[in-house]
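Pasting the structures in now, so scroll down.
There are two complexes below, and they share subunit A, which is joined by subunit B in the first and by subunit C in the second.
Up next, the complex of A and B:
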């Protein structure tokens, strides 16, 4: 094999004959295909080229592999970067209007999902399940879910029942559950820690996805965890690997979430002056911390909390702010244009910021940002850097999450408003409960992250520079 | 899953005399020809809980129960039978086996529970809310037609004693008040602090406490240690925990458990605080949190703990065998509506007749009946809605209606048995007429006797 390649090499150096050229091309394509296949066999994640080679060596030596390794050596520098770029492209999400894939996923599923009726055509590619039946079903199986660790199970239950919401909290809960799972993990005989633990984490992740689709922050955290697992030096013993992983998760939570929040708070309070009227939408942990810290520093300002049905998260934020002594105004999103003329700054939280500067956050944020833009009020988005993603999204339709439509039809506290109770029986009525929306970057003035205060156009720079392996510790 | 199961199988209950005796403890009382304990054990086995501790009062009873369990479940389950002295109450029983308990949460099941509620659901609710105790509530069973004629004569004051008064919060997840019907004569006293914190409390009299609890082990053992006078889980420990849920005095081991850190203590105090703050802010605050926040900023940390409930769906069957009336009802239900519990398959006539049972000529066995192994019935008999045990010899012209007949019973000709319970080894001579009676084991009913609402038993020595 080597001789042939060298012969080809020499041929290439002299002049490219047409046959060798075609041969080259063919082998390059075969190598690329093998690279993609090798990456596809593993769970999606940022895999380094070192790992790729070791995986290849583990496979029975095939002709294709030899040529690909030889090809990579031949072509020099640019091969690995192309492979890296392909590896970095995250797996596309399961599109739920593809029947065969959905069937396959159902067979492997732990949670029994019954598909909802009356689905909106435009959103058929997103999963929508009957919300009433999932929780009791999962609860009844409590003692039978052997492959899922109890902490992960508990977190899944909390997601499913809506006990935990908010990007940071979900991410932290999941990471803490993984810490417990790693602590109790024991390598089965004849398996390596790296492979088996990665497979186990993948199974936990698919269980959590069945309970509630992952948020982008959770996806980034999982990618980080998997990359740390694959980077474990093989010389470490099992218990040392486990403690190292646990402390890695600890560091991640501390630095990327807790410390990042502190830095964001310190940056953002400089933008609050005395006499300001600040508007916030929904309930974001970062914005809440900013407001409380500014109040502690003694700044005089008042807050307008804008809320929306059906979740009414603003009420919870309002209660906490009022308890600390801030003067607040509370209104719903339908009145935001009436109150915007009083407002001097708008602070918003984000579930994620995408590469083209689009802010992906709770539904209604885009509305608030656009109204603020019309009234020339600066919009400041506070988001930790670990939530950034290299995806580009232009609208709120191609990737979103569908919530429970029944909560739209009910008004809490008003039992007499029950006109929509039998909505499922009406054939030409469909209820849609979107959870997220995308705010275009034109409406965002500034993004405050733990790397500083950046304009939305700098987000891809942060993603590119700071999400390389060396910065994930 | 870090759960341990304790089955409280009781001993020789006074309420069920004369059905129970020294040889037949309450746990082995047959319901549809299966010991009542077997229903609990099967339910646990279905939920994959294979490690049980069965607590029995009294040494002899423990031996009997142990013998039966090892006979029936030797290889399928791992059961430890513990004997405790009599009359210590359920709380005392837990105190006695406290050193065997190591898991984080304990499931305490009463051995006389006949149900098909998935136990996993109770455990899941317990874990989800991180509760200190979770109780299973089910719809109170509608009692049979013989309610007024209870055993022991005409005791009018005992009538409302069957149900419990349960106070729930509007989301029906938390338990705010519990009182057994027997204790409540005229008034119901509710903690004002709880009412103020929650705002709305729903009092229900149609739910029954099924005596299946999930406890957090550390809290349970601490309460039992501190309050040595507590005798019963249901009457003492549970109401105490419910009453004190907003001013908790039990030491919760660290408010959320700090993460295991390996060797380094990286988390500083403020980081930990922020972490728990983010997590706490994420969820809808329950009234427990709101209550702690409402204390006027003083540094005293008001701790609260949560008492949750799981309300079984209306389609599930749940009943407790704690009186003779209940015994009759359960027998009727298990072969009637809740026939999936009995585990037997029904014949075409909707009854279960063992293949070795012999029926005489012109004998009718109605629907919802059960005939045990080796039983023989004479001619012209009629059996309606009854359970007949093994190896019974029933003469001719016998009518058995709405009754339970246990094993090895001899019934003479022309007897009529209605609404009664006849224990093992009893001999009924001919033309005996029994209505709403209970006949203890080994008794001989003389010929021609007519009894209504009596308890016929051999004198205990």
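Up next, the complex of A and C:
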């Protein structure tokens, strides 16, 4: 209750529209936000109130992601308080088939997004927007968007256009943009650094979500950053706090991403023998590093790169490998059962590994892992530990990201097959562009992380032991 | 004759250059070509069937060699050979029956005639029994090979030079060709109408509010689904696009225009979506004798995903796709690798190919077909009804003869 009172007080400071509306939003979000800090950050009350305030200022689409992350974290979190748990039960995630909520969200959105016309019924709970409408809109609004720092804006645009893709790259870009934002940040008078900065970060995050939904690794990084902010001792001056935060971010990037990759590479190359034929799917930064390092060590092996539409990321990886002198075979995902009989190991990257051992990765990974399993080929997943998450997921439908459907209808370079150009006008036709899928844990033989080589069943142990005790540093 | 030769050569060239797409079109053309060959073939007075068989074999060998992966051609050749043998046998038994029934036609050659029917009748009857009747222990024990029976009858026929005999023989020869051509016409008719007969069974398998998954495009599947739609079953279809030919786009457009709720997905999303699918319905390129299928690439992955999620995997195939051969290493031997330009542009990687760093080699693999083993197939729906994969070998006896499995001209029995 005191949380709610605090929130009401802070609410009165600002002049906003109807109180009842605010209260509704607030109650909905409070329950969800409480769980975000429930794992051991004791000053949850202040944080949640700050979050509420920021949530009011921010665009409600943030609610989608934060509540979705919060809800899923809540399932794995050990000890949310009893009160929160009871209020969490009718979970108020923004479902996109709920018209009133969607209307509210649209009114406050920074970016105007038109909803896609032919929406796939099965995915009504996920946002389906018409792509291509956001970029010109954002560009036009550049000089009007005050709250968004230019580096964050730049990163958002890069996400939108697809220039930065891949879990690690997106995470690093975002954190570096936050570093810049913190450097230029000045505490307004009468506000505390902790609360205001957290609010600002949340507003940046909601902007980034509008550009492209967050990946799980980015969500973890944001959580880390917010926890560091709240842990700042109040005795520090503003500039000291800022430098401390910046060095924290630097440390996180170095230790959790860059150094972790090195450790993973060292572990994984021990699994490559001379004469191996290694298969990889799509383009993963970790796997690429492993292959190049093994080649430098002088091991003799062949690589099979399996690619799929519509992103065709395998071509990028293929180019880099061939330039470094590896002998590669290139094929597409349909042919994976043809090529699998000559493969000895499969190396896959992951966007995240969930607590039930499910590997959440680019769409098509599940197919490759399944075929490898049938042919008795070991599947090795390379994933940094900061990407682990407490959420659980059984299939790829409950939570996913939908990409631009137009890229399916257009086949670049093959004019003869562009038959679906007018697809949006055809009534019964929908195009579905899934970005992720969930690979069941029984297809995965081993996960190589910076904590060692573990079986998929050990993932919740790592999540619990190593993230609980703030061993982020 | 020259006309037929040029036809044959044209067809062989088309097969070699892979200009003909689809087993149905290939089968129909092959059947029509063989019909022309038969009608133009001169049959001698004796051994008509053998002459026809050898002629068809000669042409068939060329056709099969032109495109060994296109199994429909071989199937049709073997079907025609089987038709010739069957017609010959049925004519022979009819002739025997006719001879026994008309004793008074020719009084002169009583003695020989008495001998002739006895000898040849026994032999022909034995032969007839062994093939036209289901095998029983008695027939197996007294089995005499057909080829022995034929020369026997013809030689004894040559002995007795009755006028009725020669008239009988030549009319019998003409009748053989006539019958064979009629049967081949029936075969062509069957090939053309296999869609309707398969589509009739659609209503038994598709109910309301089902979700169906398919990959690539097959006319059989299209007709099947539309037939169910005609009967007012409402269902949704997920079509996987089937890279690198992207025929799924074609199918999706066609289905949407006929009023079915269609969603196009990428092939990589098959595992993700299959948990919400009730049935997978696909067409096949060829059905092997063990019940396995040769299917467009990617279907093995779909079949494995369907097995994992306990989704029935239904294959639609016309009977002209049933091949009497058993597959050995079909991924390699019954497969064709297509041009890599469908995956990679030729110019795209040329710059890093000849780099000085002892450059890596780049190899592109683009197979056309996939082999799906029989244990992954739940049901075959053919124009003769629904069958288990373990039953397909039995259908072979209906359509093919054991002598025709290897279509090579036999050097010993001269033509």
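By our rule, the second predicted complex is superposed on the first by the 377 of 473 C-alpha atoms of A that agree within 3 Å, B and C clash if a C-alpha of one lies under 4 Å from a C-alpha of the other, contacts with A are read in each partner's own complex, and residues count from 1 in each chain.
As a convention for this text, a contact is a pair of C-beta atoms (placed from the backbone, for glycine too) under 8 Å apart; a residue touches a chain by one contact, two chains touch by 3 or more.
These figures come from a predicted structure and were not determined experimentally.
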Given the alignment on subunit A, is it a clash or a fit between subunit B and subunit C?
fit
Applying the touch criterion given at the start, work out whether A:195 contacts subunit B, subunit C, both or neither, answering first, second, both or neither.
neither
If you tally the residues of subunit A touched by each partner, is the higher count for subunit B or for subunit C?
C
One more residue to check, A:231. First (subunit B), second (subunit C), both or neither?
neither
First (subunit B), second (subunit C), both or neither touched by A:328:
second
After the superposition on A, what does A:431 contact: first (subunit B), second (subunit C), both or neither?
second
State whether A:154 touches subunit B only (first), subunit C only (second), both chains, or neither.
first
Does subunit B (first) or subunit C (second) touch A:120, or do both, or does neither?
second
When the two structures are overlaid on chain A, which partner does A:338 contact: first (subunit B), second (subunit C), both, or neither?
second
In the overlay, answer first, second, both or neither for which of subunit B and subunit C A:271 touches.
neither
Using only CA atoms and the superposition described at the top, report the least gap between subunit B and subunit C in Å.
7
Touching subunit B and also subunit C: which subunit A residues?
319, 323
Interface with subunit A, subunit B side, in the complex: residues 1-3, 47-49, 118-121, 123-125, 127-128, 259-264, 266-267, 271, 274-275, 278-279, 281-285, 290, 293, 313
Enumerate the contact residues on subunit A facing subunit B in the complex.
136, 138-144, 150, 153-154, 157-158, 161-166, 168-170, 172-173, 176, 179, 183, 243, 246-247, 250-251, 253-254, 257-258, 261-262, 283, 285, 288, 316, 319-320, 323
For subunit A, which residues are in contact with subunit C within the complex?
120, 122, 307-310, 315, 318-319, 321-339, 341, 363-364, 366-367, 370-371, 374, 395-397, 400, 408-409, 411, 413-414, 417, 419-420, 423, 426-434, 437-438
In the complex, go through subunit C and note every residue touching subunit A.
241-246, 249-250, 252-253, 255-257, 259-273, 275-276, 297-298, 300-301, 304-305, 308, 331, 335, 342-345, 348-349, 352-353, 355, 357-367, 370
